[in-house]
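What follows is a set of notes on a single structure, which appears directly below.
When the chains are written out, they are named A, B, C, D, E, F, G and H in that same order, and each has its own residue count from 1.
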Amino acid sequence: MEKGVVISGFGGQGVMLAGELLAETGKEEGKFVTFLPSYGPEMRGGTANCHVIISDEEIASPIIDHPEAAIILNLPSLDKYEPLMKEDGLIIINKSIVPKEVKRTDVKILQVKAQEVARDLGNEKTMNLILLAAYVEIEKPVSIEGLKKALRTFLTGRKETLIEVNEKAINKGIEIAREFLGVK
Amino acid sequence: MEKGVVISGFGGQGVMLAGELLAETGKEEGKFVTFLPSYGPEMRGGTANCHVIISDEEIASPIIDHPEAAIILNLPSLDKYEPLMKEDGLIIINKSIVPKEVKRTDVKILQVKAQEVARDLGNEKTMNLILLAAYVEIEKPVSIEGLKKALRTFLTGRKETLIEVNEKAINKGIEIAREFLGVK
Amino acid sequence: MEPKVIINEQRCKSCGLCISICPKKVLRISDKINSRGYHPAELFDNENCISCGFCYLICPDKAIVEVRRPEPVKQGG
Amino acid sequence: MEPKVIINEQRCKSCGLCISICPKKVLRISDKINSRGYHPAELFDNENCISCGFCYLICPDKAIVEVRRPEPVKQGG
Amino acid sequence: MGEKILMKGSEAIAEAAIRAGAMAFYGYPITPQNETPEYFSRRMPELGRTYLQAESEVAAINMVYGAACTGTRVITTSSSPGISLMQEGFSYIANSDVPCVVVNAMRGGPGLGDIAPAQADYFQATKGGGHGDYHSIVLAPHTVQEQCDMMYDAFDLADKYRIMVVVLVDGLLGQMMEPVEFKDWADVKSYKTPDWATVGQGERSNRNIITSLEILPEDLEKMNLKLQEKYRTIEEIEVRFEEYKMDDAEYVITAFGTTARIAKTSVNMARKEGIRVGIIRPITLYPFPYAVIEKRVNQVKFFFDVEMNAGQMLEDVRLGVNGKKPVYFYGRLGGMVPTAEEIYTAFKKQIGG
Amino acid sequence: MGEKILMKGSEAIAEAAIRAGAMAFYGYPITPQNETPEYFSRRMPELGRTYLQAESEVAAINMVYGAACTGTRVITTSSSPGISLMQEGFSYIANSDVPCVVVNAMRGGPGLGDIAPAQADYFQATKGGGHGDYHSIVLAPHTVQEQCDMMYDAFDLADKYRIMVVVLVDGLLGQMMEPVEFKDWADVKSYKTPDWATVGQGERSNRNIITSLEILPEDLEKMNLKLQEKYRTIEEIEVRFEEYKMDDAEYVITAFGTTARIAKTSVNMARKEGIRVGIIRPITLYPFPYAVIEKRVNQVKFFFDVEMNAGQMLEDVRLGVNGKKPVYFYGRLGGMVPTAEEIYTAFKKQIGG
Amino acid sequence: MKLIYKAPDTMTEKDTTYCPGCPHGIAHRLISESLEEMNLVKKTVIVWPVGCSVFGYYFIGTDAVEAAHGRACAMATGIKRVHPESFVMTYQGDGDLASIGIAETVHAAARGEKITTIFINNGNYGMTGGQMAPTTLIGQVTTTTPYGRKPEANGFPMHVPEMLATLDGPAYVARAALDSPQHIIQAKKFIQKAFSAQAKRLGFSIVELVSTCPTNWKMTPVESMERARKEVLPVFPIGEFRVIKGVE
Amino acid sequence: MKLIYKAPDTMTEKDTTYCPGCPHGIAHRLISESLEEMNLVKKTVIVWPVGCSVFGYYFIGTDAVEAAHGRACAMATGIKRVHPESFVMTYQGDGDLASIGIAETVHAAARGEKITTIFINNGNYGMTGGQMAPTTLIGQVTTTTPYGRKPEANGFPMHVPEMLATLDGPAYVARAALDSPQHIIQAKKFIQKAFSAQAKRLGFSIVELVSTCPTNWKMTPVESMERARKEVLPVFPIGEFRVIKGVE
């Protein structure tokens, strides 16, 4: 089994954190993992993305040429990754700021007004986790329990207070995914 | 015809001036010439030398591997060039500070207490010209008249006052050379 | 009345500097989201704005495009 | 009398600084030539040297190796 | 060895260097390897070791030079433009026979370029970007784990030959996270100041002078000949490379570092289609593994060199092949990373596939 | 052309550059080429042109970079350690497509080395001492006269391709005096500020921006591909070399600059003894004249490469020969200049003489 | 309605790459306004640095070149000497100018090069992620001073204008701040004095602008401005450190 | 006879490579005497520069390294930070320190690096044949200011101690001269203060020594000393510019 996902958005939208969290979960579950970030202009502005691969075997290239899954947080990311998607791939989109519709008809699309949803949960910044959890729930590269566990190792010290809202975000993501999958 | 000479001594002994003067004379007499200086430690101290070639044909390498003539102003220069001299070559030595005797027996040797002689002429610094003139008189790579003419183009402005003593030095060199050659 | 402060919502990055510096507290973060995901500042109380231009001076993103002052109404003739 | 100033002739570069600076003018350039072609400085008037050490202080070439002062002859007992 | 930790390549390399005995770091920030100095800045003081942010890369390499003269295990890390600024220093270090380690996380160039991964400093690193005839040992890892293991070798080789060792990585290896396991800590307590070090004469009977200056050409030539002798020894015994699926290979891809890693995926694609292709991956770029190229020359139909540059290692491959087989090239420039698929496609074109 | 003047190479080169239209010089002193900046410092103010002694070579090359951005004919001159300090600047200049001329009077290295003539910066100059994939046109004269004539070409090529042109000489060529004749003065009055120059927008409708930065790898790759295209053009039409007594040659000596000049004497020695040997002397080191090497490969029995280094151009000769004939090498290091006799002796050994 | 302020056209319509609340944008606007008001736009070449403002040429609409990190003053010198009629200025961060570029800055100043430098002191290396700069305060935590800057280990903050003011080459040397409307108005005055020093060929001119870096300071833009005021300005006081005759 | 002066053994027996009357030798002797008197010889590493004193390690008998041109302070920093118990000093000319090496000098000073710098100001680049240095006087003819140094073209002389004294890192900053026995005695005192600043780990210390260059000034040694006194010292006055508490 080898599962890869691309997460892409503006710097500051939590792209890297989501990716790292996924990779950490994979590692903790005994998988081979690679996490490959790519930034825009040195640090500021622009679009950033990361490639995460979780596999049962050693991973040669950490680069995902044609994603089977992508979490898209802004418009430039959609423009970039839509044409690259594998057939039957899954695109999860932050509908809050991606007004455009996906043109491809051979991919699965999940659109979430993630910023609004997150704001309703109490923290707009958790939108990355909502979408990540939805991805995990749909594609199951790792377990949701593992994800939650990893989250706790990430949010320590001053950040501990954020655990609650982030777990809520994960749960919300699961909910959205199940709805998407038609599960109840 | 191709004639080459090496002039070698401490920085400050007038090695370069003598060499340049010779080269300039050659050029003015329509010859092909090369003048190749080589300094010691960047500028200061140590031994410096130059290679001058005067020729009727184009000169390939400006380096003299085995001098047919050498003007030796200090001891390290003698040590360096004695073994390199061509058979039958001519070594002109500043005896004032080169106490050592030449060991090779297959070369011609002219020893001059050049500093003392120069001092007697009124300027110890002209010793380079005494020895150069002796060389020119013996080997005739250029004419003595040419040398004197070139000297005047070198000593202009504030240095014009030095022409007289330098011409005296040249004449003294000729005298020494003739003595050496056994001419009168 | 015409707005005294013209804000380019697309350029605003929601930094809050204008809001913090406004002596009359007539600016606030709006609910809108611009294409970069920011909630732009808005002038919610044009009336009380004194056209001091502090917001303009501190705005780093040329989002405050203009500041205007109503011409004093000339009395009589 | 022993020399008050010891000069290492081989090291001297005939710069003349000691001579210029000597308050008693008891130094001069000698006629000798050392192996590098320099005429070293010499103390020609040991008598009048006051062992002030100026020559030592200004000599750049460690050619003035020592400066000594005669011990005052102790009078009486 | 301990547990596996998920770490960024650029942090893991710092931790590995520290465990391998790096006692001092001098450097200047530059993307895409800022996490490396930052990591050092946290860890070195904890361990009572030296961390100093220099005012520039020029200063950094000369601080490294100074520390190296004391025989201390010292390292700097930078990226392409910063490395260019160090070239004078590298040349001095080479001719002073002092040991140090330099990491270059190559980015897209020339000039300011971008901060994406590249391999376009191969020539600079292997042929000498500074002046004069010199070499550094150049190591090129292709995974985070290998990179970590290599830091131990880097310091050991540096000390063994009193030479600069360059670890040539790229932003991809530096930015990516992979689980790594670190080797045991080097026994830094056992390090002694070497007898050639310039730390004050102390009890020594002779004084030590470290210089790259020898004003008489005769003497400088001797110094150079000694250097060349050292290089011959290194070329003889320190060559490292990996052969991947070469046993039955009819074709060979040559690639180093990140590109080699991606090419492994391409090779696997090819093998699935029954095409017998393998990889020769030079691990030491200097000394270059000419011998293994020569060894395989008769076995294979052609060489296919892949790099993230305009064809630099290519020249060394061609020198190894020496006209006996065709050598093809595929490269991406300026920070573009080739995909496994595109390498495979380009390769297949050459076999008429 | 005028009368012949006896001039030091390092002064003649300055006079030639001035006549060829150098409007600005920025540089920093370094032996063995101090006479060059000194000469500029006298002549440039006389002509109302710019002379500035920079605080360092790093500053100097960045001043050159600045002036180059205005489309002004600008030059700097230095020697090996100074040139190493300029590598970052070179890389920026390359990727900014601005023209300038750099003279490197190579001295013995590595490090501080000595000030004697050397050719050990061949790799640095031709393969790229800075980071990234770039080239400068590299010219190597072998007489003072050729060096002077070449300054005109240097500026013309720089302007034609908006590229840096390196004139690679050595202390021997710089220090020696030979009679030279200068070509006519370039018509500097006719020079116009090019439309791409950054001098203030003025009447232009667009503004000009000169940068080597392109943050998206896709874009930077495009920039690189344009550079590579330029290099291909240069490789196609700007190759220069001299063949000396090659018509009937059974053997060929390859050498550049000073070494080639000395080797001419060696060839004449050999010819006197009836040995038919000639010289291929690359004049452009980049672009390297691979084609002429290939052309002669079948004619000769072997190649004998001579350099004042440990074998640098050797690699290009080998790449040209591509295994078809043996390539032997003779080199002197660290500032030692081979004598004509010793080259001849070393050469004869290979033919069993 | 009377127009009190209108954003200058010379500042382009392109979205800046700066973080929200980053005063780089304020500095850009002040420069743009000053160039316009002094009628310099079409004569100007700006030498941009490596740092967060590396893309500055997208945001200020003049001819521009992109210098190597730290070398802006050298590059500007190169331009100005061959094109004295151009108005040449550099825009540099504290890492760029005071760390790697201090030699080029000191020497341009000592030579009295007729260029102008706008120097953004935000107390760290913004672009590369918040490392210590020469201007980092004692005790300040940065990504390379994780335990706070300590003089023993990391040296002391550098006061560039105070240092340059000891030289004979500069015509105008000043420090201003961007933390409040009042200071911003003053900053613009200083910038215009610096520009006029060049326009009148009086010598080198430089204005340091005390700025902030909300992202790396890990504060909101508003908190950052407060910190600048309360912690930075006491160490880096506003002032004119050298004003030779003729500058106004 | 009582021994008044005896040349220090730490200055070796090797003939120096300096021109006759060059004060580099005086500086060497003062350093040698001070190291001996302060019992530092065996702990000392001297970082030698590129310049006429490039062979200094032949003449002062301590451990030594040869820095790249201008980088002595960086190299010394590299050594001192890993070997704090060593006594580390640099010896640098005005080209080396004030021109190409000013960044490394300023930053070593700003960091308060515990090293000592002896800085020989001879108003030009001796070794390379007398080019202009940052310390060259206005009007002075050198091989690269053939028409005399002009501020407009070549900038102004740089006063390094005055500039460094504005920084917080240096413990001791002074200028002395080598033109007369009296000044030489004073120079030695300054050198010893600088050494003690390092020995006590108080910070960076530097002594500029106003020197001469008879060869390139084209004067006799005696005339050179007179010029130093009459023309150079008025522009580069002797003095202590920064002495922090504890230095003696």
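What we mean here is this: a residue touches a chain if its C-beta (ideal position, glycine included) is under 8 Å from a C-beta of that chain, and two chains touch if they have at least 3 such contacts.
Everything numeric here is computed off the predicted structure, so don't read it as measured data.
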*Reaching chain G from chain D through chains that touch each other, fewest steps*: 2
_Can you check which chain pair, B-D or E-G, has more C-beta pairs in contact?_
E-G
*When the centre of a chain is set as the mean of its C-alpha atoms, what distance in Å lies between chain F and chain G?*
39
_Inter-chain centre distance, chain C versus chain H - centres from mean C-alpha coordinates, in Å_ = 60
*Return the distance between the CA-based centres of chain B and chain E, expressed in whole Å.*
54
*Can you check how far apart chain A and chain E are, centre to centre, with Cα atoms defining each centre and the answer in Å?*
34
*Can you tell me which residues of chain E touch two or more of the remaining chains?*
31, 52, 55-56, 58, 81, 88, 92, 96, 111-112, 115-116, 211-213, 215, 337
*asked:* Touching at least two other chains at once: which residues of chain C meet that condition?
replied: 36
*asked:* Quick check: what residues of chain G touch more than one other chain, meaning two or more?
replied: 15-16, 18-19, 54-55, 66, 68, 99-100, 102-103, 107, 127-129, 134, 154
*asked:* Quick check: in the complex, which residue numbers of chain H touch chain G?
replied: 99-100, 102-103, 106-107, 110-113, 134, 151-152, 154-159, 162-163, 165-169
*Along chain D, where are the residues that touch chain B in the complex?*
33, 35-37
_chain G contact footprint on chain F (complex, rising order)_ = 23-24, 26, 50, 52, 54-56, 58-60, 62-70, 72, 74, 88-89, 92, 96, 198-202, 207-213, 215
*Write out the stretch or stretches of chain B touching chain D in their complex.*
10, 13, 74-75, 96-97, 99, 115
*asked:* Residue numbers of chain G touching chain F in their complex, please.
replied: 41-45, 47-48, 54-55, 57, 61-68, 71, 74-83, 85-87, 103-104, 107
